[in-house]
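Heads up: the structure comes next, in structure tokens.
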Amino acid sequence: MTDKIMPLADAVRRLVKDGQTVALEGFTHLIPTAAGHEIIRQKRRDLTLVRMTPDIVYDQMIGMGCAKKVIFSWGGNPGVGSLHRFRDAIQNGWPNAVAISEHSHADMAGRYQAGASGLPFSVLRGYVGSDLPKHNPEIKTITCPFTGEVLAATPAINPDVTVIHAQKADRKGNVLVHGIVGIQKEAVLAAKAAIVTVEEIVDDLEAPMNACVLPHWVLDAICEVPMGAHPSYAHGYYERDNAFCKEWDGISKERERFLEWMKAHVLGTPNHAQFLAYAGIR
Amino acid sequence: MTDKIMPLADAVRRLVKDGQTVALEGFTHLIPTAAGHEIIRQKRRDLTLVRMTPDIVYDQMIGMGCAKKVIFSWGGNPGVGSLHRFRDAIQNGWPNAVAISEHSHADMAGRYQAGASGLPFSVLRGYVGSDLPKHNPEIKTITCPFTGEVLAATPAINPDVTVIHAQKADRKGNVLVHGIVGIQKEAVLAAKAAIVTVEEIVDDLEAPMNACVLPHWVLDAICEVPMGAHPSYAHGYYERDNAFCKEWDGISKERERFLEWMKAHVLGTPNHAQFLAYAGIR
Amino acid sequence: MSHPGYTPSEIMTIEAARRLSNGTVCFVGIGLPSAAANLARLTHAPEVVLIYESGTIGAKPDVLPLSIGDGELAEYADTVVSVPEIFRYWLQGGRVDVGFLGAAQIDKFGNINSTIIGDDYAKPKVRLPGAGGAPEIASNAKETWIIIKQSPRTFVEKLDFLTSVGHYEGGDSRQRSGARGAGPTAVITDHGVLVPDPVTKELVLAALHPGVTEEQARAMTGWPLKVANQVAAIAPPTQLELVTLRDLHVRTARAHGTSSTNE
Amino acid sequence: MSHPGYTPSEIMTIEAARRLSNGTVCFVGIGLPSAAANLARLTHAPEVVLIYESGTIGAKPDVLPLSIGDGELAEYADTVVSVPEIFRYWLQGGRVDVGFLGAAQIDKFGNINSTIIGDDYAKPKVRLPGAGGAPEIASNAKETWIIIKQSPRTFVEKLDFLTSVGHYEGGDSRQRSGARGAGPTAVITDHGVLVPDPVTKELVLAALHPGVTEEQARAMTGWPLKVANQVAAIAPPTQLELVTLRDLHVRTARAHGTSSTNE
């Protein structure tokens, strides 16, 4: 068994530092919630948080003061509404001012791809007519040397640490991501260090030949965290907890109730198993 | 059953025209040999043939006078040696002069990606110090608008027709490519029209969720051609015919023997099944 | 409005669904676009190809997804690809016939805002979720449809923020801007359907839902609304349409444990 | 050369294999690099990660592949990705420790030619297969090794064509050119091993196979070959190395129906 397999708390302690650029990725599916909670428990500060779709876990991290900047393309609680803590940080600077760098999905995906590809920038057909480039100096243009067409160009993303959640790892630390694979492979390969939480560690991945497999040697920590994506889901393991996502709207609306909930549920529990037990989840 | 499922001869007749840019792709695995033979039978001329790894089937097409230009990154008979007909065309203009546009693998792969992505050009870290750009006006440079780094840029490839071979299609025409998937998805999605030959047509693809599947609506013709990749192989169906690949070296060395062989085996047979029977293959 | 046995939301979803023809490749936004696209699939267009930006191609959900990445979408898809692939090869690659969007605000040229409400980007009155994939859907699909309820707050003279391009400043300005595709060819609302004037590209009221008047539509539009010479009358929902849509919502509610409409 | 119970090809393959340490990520060319890399895997480096440009990552072939895309490579790989992915994310992305190449010609700075023989690109004396993935392997791997038999025709003063960059024009010219990685750190031949001078980057004879002399190596080099102050003596093959390599070739020949060496 590889020594890269370790408890999540150890992985966060070793790899996630104040002031870093950190991406927790997962496109609705396989969101690394447990890892986000652990970053909150360990009180990381001044993080530049990258994520295509900031949702509940980023709402929690922002509300608990981990973030100084958020780089994103869509921020909301899918199927429910706004992220109150994210909004409160942007609109009112609570608990601290949070800068934003706002992009579109295709752009963010391309920026991770550029990062994974060792390229300094990404090219896309996008932002035509849009006001976004006016407010984001990271969106520039580039001219095709063959056709003269002017396209959008944005810088590669290379997080200090990427964190993802996946279905399983084998004992060497190879990881299988299955179903809606999102941007996870690119986010991991773009990063300087990578943490993967998994539902389980197995003897044999039983991965189809062309499946999305991340070999152990591109990862720095693999942590077994059952239900680590809750309230998101893990295809083949458990469903999305829609009731909790709706409930979050109420919990997060007011600062005080939010803080109380986070103190009791996240700061008050030593790890994800205890969090799940305390919250009465499964 | 979709009317896109048709005999290979019909597909070539309808979709492949003199003077077009045609890519037959397959990275050692799943080379669409039967389709190349059919193009030879139908005496297409002045084709610009694109392929990362021109090998036996392009040697045959070039030797039979189908090509006016070849765009490629590695031309040889893998594990055996040179392509005699390709060399004879380049060095001696037999049976006709053939122009070449020579690239590297990463560049060709990127050019297909750009084509599939609706972008006019591809960017890569490559060709540093190499003489290739001196002889290929399609290799230019581009400067990163963020870092100032100078990188290579090459134009997208968008073939008029791409032809690939795959393991199976369902009755709607959806295709599964399995194993070494090469550049096939990109070559198909970059093309204006696509022909796929398959080992068999089945009721259910039984494709894993994240497998390489090409939906019927990006394809124009699906043709059932068992052993259509011979002497290449189809993972799960048959092995590479290494003996034939070696034999080809002798057959192709001299113009006369080559022509005799092609006349008897390809022009003299009406289709791939008859070719296989005549050649005594399986 | 009168109460003819169906809601404005239902007729707008149904009218949108009717426009989606069998075999069309549709890049589907979550919410109303997804409801309409699946209604089409379950009625007259069984072979419509639904693509969600989570990478699900040929999705055939039995219940409506709450999020763009529900497992339901992957389970019955023809294939599931990565997020960069869906945007690069499938959308930007020009494979999408119809990009089907919602919005928070729309202007008379079909440009949309899903970023902020208020006139200061740094200090918005309301921070909306943001662009998502809308800018690239709007500028790369062969055409786009927008489904949005009409009100003076949503149909505005000037957007607080232009997130995704429609016909831009009208005329041929979209084409000149470098956007591809025809842009918005239909805006389906709870009042009727607006289509762009062929020359000026300004949205014109072209059809009304049963029982809705031009005056009602005008009152719900934040600019002087142009009306076509002939305003078509949209047919009321058929029994099949209504039953199929309601069944879909009931199944969805049962599966998600939420209320049975998408409002 | 004497005949010490093994061939020059065998000792060069074995010496190359020895240099590959366990856990190294090696982007492997077909032929001698592949033989050496698999020998390492079957002896002292069971966890070496072999990547072939056909997209096979962590390949563990039981017999040597004849082509870069043999099914054998896919069958036992950790994962099989597309060709664009292998070049973009894995090679250009900086994930490769050692790029292991063959060549038709090499110059004293470790630049290599695999394109043409002759001085006219348009009318070459011999048309070679071409670049393949070598230019990007040479300029993106953390370091490169080149395995090539020495002769005045292969070790040339001036390449007929520079396909893939080594130390370019020597000194810090590689670095200035924009290539990444350290470039060629070892050239393994049938005579011994050459390594670049730390400053000038010119290849220097650093080690000799048993029974091979400096003079023999010089005679097989098309430029005035520099020799290290201390030329190391390469150990003869161990029984394990030789048996493992020969078994591999025998298995390969049986599987492919070809002769039992890779010459």
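Going by the order they are written in, the chains are A, B, C and D; count residues from 1 in each one.
Methods note: a contact is a pair of C-beta atoms (placed from the backbone, for glycine too) under 8 Å apart; a residue touches a chain by one contact, two chains touch by 3 or more.
Since we're looking at a predicted model, the values are computed, not measured.
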### Task
Please give the intersection of the contact partners of chain A with those of chain B.
C, D
## Note on the structure
The pair out of A-C and B-C sharing more C-beta contacts is A-C
## Note on the structure
When centres are defined as mean Cα positions, the distance from chain A to chain C in whole Å is 28
### Chain centre separation in whole Å, for chain D relative to chain A (CA means)
40
### Message
Suppose each chain is reduced to the average of its Cα coordinates; what separation in Å results between chain C and chain D?
### Response
57
## Note on the structure
For chain D, residue numbers touching 2 or more other chains are 74, 80-81, 88, 92, 140, 180
### Query
Listing for chain B: what residues touch at least two other chains?
113, 118-119, 124-125, 149, 179, 181, 185-186, 209-212
### Query
Which word fits the touch map of the chains here: line, ring, star, complete or other?
other
### Message
By the document's touch rule, what are all the touching chain pairs in this structure?
### Response
A-B, A-C, A-D, B-C, B-D
### Query
Hey, which residues of chain D end up touching chain B in the complex?
30, 53-56, 66-71, 73-74, 80-84, 87-88, 91-92, 111, 115, 121, 123-124, 127, 129-136, 139-140, 161-165, 168, 174, 177-180, 256-258
#### Entry: Complex contacts: residues of chain D adjacent to chain A
23, 25, 49, 57-58, 74, 77-81, 88-90, 92-95, 140, 180
### Query
Residues of chain A touching chain C in their complex?
27-29, 52-53, 72-76, 78-79, 82, 86-87, 90-91, 102-107, 109-110, 112-113, 124-132, 135, 149-150, 179-183, 185-186, 212, 233, 235, 239-240, 242-243, 245-246
## Note on the structure
Counting only contacts in the complex, chain B reaches chain C at residues 113, 116-119, 174, 185-186, 189, 207, 209-213, 215, 217-218
### Query
What part of chain B is in contact with chain A in the complex they form?
118-121, 123-125, 140-142, 144-147, 149, 151, 153, 155, 178-179, 181, 208-212
